[in-house]
């Protein structure tokens, strides 16, 4: 089976690098073009990048000539790791040019006709593409994945929503430095410290889950209150969550629901789909970012400390790897879904 | 005015060291005896201690001979920095011997006739001493201060309780390493990590505030849900709080109440009483442990990010220095209060 | 080809865990028995260990029953990750029992008839085994690898020794926390700090290189001065080295010698032998522990900043992964060498 | 006695902030003007600065209007915390304008007629001022202090030079982040890492000591080889040093010389002169940055681990606080010396 040729927008940034790392040896995709700012265009990727992954940069990527982020681009699909403002301008150009744009950017996540997808939860939302193409008169399209802090919490929330109905969600995040890109915060700022604020993050966490857990037509009806903090951790967002339910449940029930959660058959068989999608810890001091962020090669969401909440109904802790499950891996999993569903086409 | 002679139980530990540091140049108290385990007794304090404060150890303390933690002890008042189990056994011996015991330990905090005091909030709770002495037939007594994570949050909670009535409290803590004493967690464990569990801590945080904010006769009627985390910060507990109120209030109202908070005149004039007791930040990214833990020489509680909560009513962030306001300084402030109230007597 | 069955002594410690990780999928060896203290013996490995590797613990290892560290043991070869004192007592018992003991411990490194081997440098030193067996009347034997801080520096030293002759070596180390085992230093001790002393380390670094770079009969004739520091790095020992030579050389010459270094053919073809054995950086700010410790899956020694020294002749920086190249991987590479040389026998 | 009015150039930077902190309550100087880039000029200092000191910013400084870094300036003396390039241009303007310029910048340190002064070592070098003024036809002058990594090591070197004569010096530094200014290196770069290179630093360390330890006419005759590393420490440069002597000495002799070191009477009585100037630790694991950087309010240089060197003659470890003894405090001490000597004049 011929692999599809991928163009990566924002290929020199932290998420772009992670995409390149995750696509090495991917069974369906390979990196065809690396695109970055005009300042980098024309250089070799090796010259343009400050490679920060711990796996070595593959020579065939190192020697690629960096392209500008604009069509035409001789690829089958585009993965966007662009910052919001650039995504706003550039992603529609590629969609109009006729390419599927699988975006990690926040620019279009909440747009009415743009799917915001976690394959294990709402794979059917990709059907928004049809209306998107019709209205925009695009041959390509844009599909997005959620914010790095939303993805982790959405998996257990989806389980609770289906089993009991969600009424309210309180979430306090302790987010890793890599969520701020590279170079991210200075050691003088973040070492021996916690920053009790991340610009724009709480808004995303208070609105994206309702879209993801809703239907194509309508957002789900529950409220979310988020408090977002940056901690001195390299990778892995840890979140403390309390939830209010529409029908009561015990912690033991919910643990059982989490353990029995399986995505649908098509999603389970995607190459980047982790098994399990959710892993539950019964130890009282897990999950921990350092020990558990790599579970399922960074794609499994881990949950622990499920217990009763004296104020709402249940509380628990959730961890996900923010640049894999929360960004690059999320985009790749979405692309896999779209290929399996036929929205991305082989020639 | 003659200074009172203090005996410190657990003088070689992290909290004991901080007590010694804070009592150097204290206008009312001086360190008369340093007491520790039988293993240390008989050594000079210099030999027995692994001094970790950044201010140098005073020579007159260094040369003191460490005493065992048992009466008799030729002091006017005892400050206890003992671990819970030892406090349980040792503190009553000193109270029975006739000494005031000002304890930072959790052993007796929730005991019916033991005051659990934050002078700015419930200075009258010290009157429980009378019943305590009568029932126990003690000439001395035990007074406690709250857990390091309870103290910080109780100040803004007390303001909300008085102004609007509290119904519910959700709190997620990010607690400093020094809360685990010395040496505390290994770097292999806590570096690049968050530990989502601190043994016994959530229970304390879910029960102490109601006693502190209640009357002598009755605990206050609100529920608290706590999630406690250990982060890689040296000092300073940061907590994200959401509160449900009995009568509605805006964030602006609450900021104003916090800014106008003043303890009573007697408490304000105590030597360790900070001014202000609560400092409110309007900047969106404060308080931060590294920048703000030293406000008011570590005794001021700082609050920031006061805003509406989509789930409960209001949310905010609170920071306090866990070994000063949350432990050693809290005990000293309690002792000052008791002296001002006449419970601790000058000869 | 049938794999050889390995018994790991000290299997629950940091180096033991790393050995287990490195032996998963090894082409010649597999973990047959895991041995630890009598306190752990009888438990499953999963119960006995606090698994700290980032790769998951294989189920077939997890369920093994931990054995005591004493013969008999039904294995073909023993890898020792014991502390020095226990190695002193236990390793001879296994050698006497008839097993090859491949040891990472310091107990016998400097013993006259015990080989201290880095396969790329002194593979012939294994012939000391013959005299060792004769004198001790052992059917088994003991072979050791150097201290974690010695191994890295010995590779470029060997190149300099062969090319120019060594006269003097000055080395200042900045050693990772994992060199102190698990849990290692408390964060309160090592965070925001450097410890300018590591017990016993400077002695090892001042004596092991001469044995390794010498002949079987005689240690090499150069002096080493070491200053050893512990820094707050998880893995990877970085060392600043200045060397005095017997015949002068320029930095460019030495870089060229380092780049051309190849171990002998037998050693190059060992499964754990990295290619290259030494990698030279020409960038002015490399190698760095975080970026370069994983080169060659942790077995390559990286060298950078080769330049003239105003006091001796040349100076440079060297980095090696202390628990892989400096411990577990070193032992495994030694075992591979011994199997290739026939000292370890297939039945 | 009327205090002298100081203007601080580069007042918003890390060293400028430290100068302001150290000048609060100074008996001879007070901050009259704060000068910074044209971008900051005209703002209040509070608006212009990102205050990072742990002591609070004094209100009278906070409200000062930031001035541009150019004369005229209504002050008695100027302290320069400018970057090298700006110092090169700006400091001569102030000297020409008639003001004493006490500079922490490297721009003129090695200039033939500019004193490079550590008052405890070469207070007489200030007499270069006379020739400087004559040749430049300045009424003011420029006096500099050494690089932050030079100052610490120069104190024990001066002791060795006087007692035994120095031949060679090998020094490997482990330098704190604050040496790179604010914000300094990203946590993604420096956390869990050591950077084996600091631009320009080794050159300074290999040339400044000879000027400082020489006479006005001639640099001292010894060679220095430096290897400079950045470690993840907030403050405090730790350095491992080996020295070759002209006449032999034992470690015990040298310890005794270090302990007996006293600057001349005039220097000892300066307000910022620490007592002792050099403190020797006999414990094997000291000095440590975290524990010992504050000795003598950051002005004492601490030395430990004095022992024989197998390659040169003696080796030891030295620690100094890089932004106090190594920068802001060094400049203030120089200004005090110049006032005591009459080079800075009271009206």
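As written, the chain order gives the labels A, B, C and D, with residue 1 at the start of each chain.
The rule is simple: a contact is a pair of C-beta atoms (placed from the backbone, for glycine too) under 8 Å apart; a residue touches a chain by one contact, two chains touch by 3 or more.
These numbers were taken from a predicted model, which means no experiment stands behind them.
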Most widely separated chain from chain C, with each centre as the mean of CA atoms: B
More contacts between chains, A-D or B-D: A-D
Averaged-CA centre spacing for the pair chain D and chain B, given as whole angstrom: 41
For chain A paired with chain D, centre-to-centre distance based on mean C-alpha positions, whole Å: 49
In chain D, residues with contacts to at least two other chains: 52, 191-192, 232, 234, 291
Residues of chain B that touch chain C when the two form their complex: 52, 177-178, 182-192, 232, 234
Chain D-touching residues of chain B, taken from the complex the two chains share: 52, 54-56, 191-192, 291, 294-295
Residue ranges of chain C in contact with chain D within the complex: 168-170, 172, 174, 191-197, 206, 223-225, 227, 229, 231-234, 238, 240, 242, 244, 284-291, 304-305, 309-312, 315, 317
